[in-house]
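Chain nomenclature is as follows: A, B, C and D, assigned in order of appearance, with residue numbering initiated at 1 for each chain independently.
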């Protein structure tokens, strides 16, 4: 990438800042896609409602931040989404596991529409600005430039959450159950483990990640009721690029797509008009080389 | 009598497991040939290679002097090999009539006939009707296939197989899960089919195997351990051992 | 009787696979189900384990009715099921495979130490992924997985299938040792000689029905029965 | 009894005449019904038909062949853009614009089918089609010079005459309705032929049991590719009509939520049936108009209805009606004759 080299030599600070911006954006994708991917991997459910949870997480953060302050509001909103996800799974989605897979897909699409309309009804159509307050409003000198504190928080918090999720998957009994259940959930059940409960918990965990992504997105960009529709598509792309059911797939896929978008916007003249296309182009490239995605296991797709 | 179908050293390995291992097998035209063997002997894997579901790891499949190894299922079907499945494999949402008609239609190639009703469609209708009669489902022809009884489902399955007018019929446990009555009816039907087709069948019902088949091939752990007439197989010590096991 | 399965009727779709099958197993007893392929032996185990619930009939365990319960509830009641296809988790290590089986939380004599003493081979391979195990090792793992659940009864489906003779011998020995430990088992095995050698009693199945029952010694000597239902 | 199935089938090829004639009558009566019974207007009827055409095409792939596309709105939008571009920039008239838009969209569908169908199935196919739709959406939004960006292409004039010497003036809503209704009827006739042709029979077989269809000797992938291409025909025509109807095309028409609307219409009406998509599209568009008079959150209410159908009646309204009708007949038949004739006339 000669253009990037030019930038790196002429404006190293600019380049590093762009990379940081790309990472911040990518972190949101990672959170969102990881939530989607855990659910897809374990239960085979493509969850359109995830995009609505993302938007709802952003709006709840927006409202709560006026009373609780931004950071507690983000956490509280994410927890709300976890509860909502668990309720949705245990009351409705559970009934559809025995049906053709497209029925769950359609159900979550309907749920998506309903939640988006509820958001419109409560908060209206106008995009809401939400600025970081208190110490989060400032910036920190990173040596190459001043960098907004909140963006650093996004990176730090996401990394922390990823470590926690990773530890849950690798170290805990729940994680063991999830990893086993992704391959053969009936056998896990034969070993005496309550799989319906596990499904509900995992749906909650996935929704929590979606809500958290929404809460973190809110102060970075404007929020509007349709934000979920755009982001859910990118999350799908991340999942396809990274590989269904893969933790590292979501992480690497999300970061690459975030970085690519930011680099396109900032480094290529007129690149902002290609911003939305870049992830798709990248997906096509990956699918040509690795049809199951970067970390995809064989046989999980069909 | 001439050999119509044979395999040479047919093998299928899954990682370290030798599911089918170097099987030589030959079927004479116009006979019923049974494949038997204990669980895990590799019978169904063997069938899956014959019909193109699995590509063999090694070996050849020869049908009427033509090497058909590795061809996809729909091509093998068109060459004249039909197969019925262990678990009923029909079009549940379609009527019995529609099931058989789409099977007969397959022998008329891929002509779509979307805008003009092709002339041969009348012929398809007549043949479908004839086959439904042959398998004894005439009174159910407008019934949704999924609502048939188990025995009738199996008849329909056989109807789908013979619709293509195949030279060679492969049957995978045609009497599995049937009542005694239904089994006997199926036996009669197989005997009737044998007048026009060559039949290879996998079956666990020994009465049926012994009374119907001319030749029996016994597989164990993927290998052929015996072959011969029913009487020869009955008297074969290796076969007895395969079925009863040995103290180990 | 400890386990009582009464007049089980199970269907696969429309196929009537079990027709009034009744099986009893007493504490400390090993009972074998024998018969040809497709006679309904494996389905009997699956039905008791709750994997294919019966349409009619009942299963009681120590007097408690467990009919129609979910597989995980039945497992927690003390029934361990070792499926024919083994179904170990290829992406988990041996240790993780075993740990998963302890999560239901039944306590008892079987812990990692005892299981590894029982199958030293698994101890050597405990950090290896399930997919890297040989067929025999996988079979050991499925049995170990059942033991560490500390069940009251183990349902063993075709434990010797597809194993080389030496390996099969080792598994058979393990089953004998489990029996000596007082483990209650319901066993399905293709190899009738082994099944009848290992078990106290046996039921013979044919076409989804029980056609003969008796002590294993009796059945072993009944040549006509063997010829009729087991042999070619 | 011996020949009943044969004669019944011979009859069924004539059977088409009755429903298609009934459908023609419905089309004739619809404007009057809309105005005087529903107190609505003719334009809404036109809109219903346009989406009915699109959903009918979509359903060849979903309801009849068994693959769910979440990107069929892309064909509507694409055809709309092709036509609008030529009309606005090169002054093309109705027939050439329709012809070019149709041909170009079909070419696109053909290439897409060759790429996507052999590589994916099930929910993975749904996701890839969704992605394809989004790519077109973004191109539409960004390629200002050609697509007009977010605003789309505006000011498409309705054709003033379609046939030389015809008295129709498309600026009159009723006249435009007549044009759309004629096309809708022809589109229905075409799809009826497809679904009830030998090709359609294979599609049904693939939907019911792919593996079995393959063992009968059918090249399943090729049939699915053909079904995919045919399923794009009617959305392409609907796209051109929609451009004339709205007087504009905009990128939002290709958004995945629009594709979702087509899925909803089809499922509401009844995906496994022939007439379901048309009924569903009509209902959907009517609800959209009617509910939006009372609340701007109409999508939420339609969503609730849709979710209810997914959960409790996935066979849709037409499917429910068919089942009810079948039970009625079976009940009557068993009273009179006791013959087992619970008919399963599919996709009728």
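Throughout what follows, a contact is a pair of C-beta atoms (placed from the backbone, for glycine too) under 8 Å apart; a residue touches a chain by one contact, two chains touch by 3 or more.
These numbers were taken from a predicted model, which means no experiment stands behind them.
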{"item": "Identity of the chain that, by mean CA position, is farthest from subunit C", "value": "D"}
{"item": "Which of B-C and A-C has more C-beta pairs touching across its chains", "value": "B-C"}
{"item": "Between subunit C and subunit B, distance of the C-alpha-averaged centres to the nearest whole Å", "value": "32"}
{"item": "Where subunit C and subunit D are represented by their mean Cα positions, the distance between them in whole Å", "value": "54"}
{"item": "Whole-Å separation of chain centres (CA-atom averages), subunit A against subunit C", "value": "44"}
{"item": "Numbers and ranges of subunit B residues touching at least 2 other chains", "value": "none"}
{"item": "Graph class of chain-chain contacts, one of line, ring, star, complete, other", "value": "ring"}
{"item": "Touching pairs among all chains present in the structure", "value": "A-C, A-D, B-C, B-D"}
{"item": "Subunit A residues within the subunit D interface of the complex", "value": "44, 46, 92, 95-96, 99, 101-103, 105-107, 109-114, 116-118, 120-121, 229, 233, 236-237, 240, 273-274, 276-277, 280, 283, 287, 291, 301-302"}
{"item": "Residue ranges of subunit B in contact with subunit D within the complex", "value": "51, 72-75, 77-78, 82-83, 89-95, 97-98, 101-103, 105-108, 110-115, 117-118, 121, 124-126, 129, 132-133, 138-145, 147, 160, 163-164"}
{"item": "Partner subunit B, residues of subunit D touching it in the complex", "value": "1-6, 8-10, 13, 193-194, 197-202, 204-205, 207-209, 211-220, 222, 226, 272, 339-346"}
{"item": "Partner subunit C, residues of subunit B touching it in the complex", "value": "16-17, 36, 38-40, 87-88, 148-150, 153, 173, 176-180, 204-206, 218, 221, 233-234, 236, 239-240, 243-248"}
{"item": "For the subunit C and subunit B complex, residues of the former touching the latter", "value": "12-17, 36-39, 134-135, 158, 160-162, 165, 168-169, 172, 189-195, 197, 207-208, 226, 230-232"}
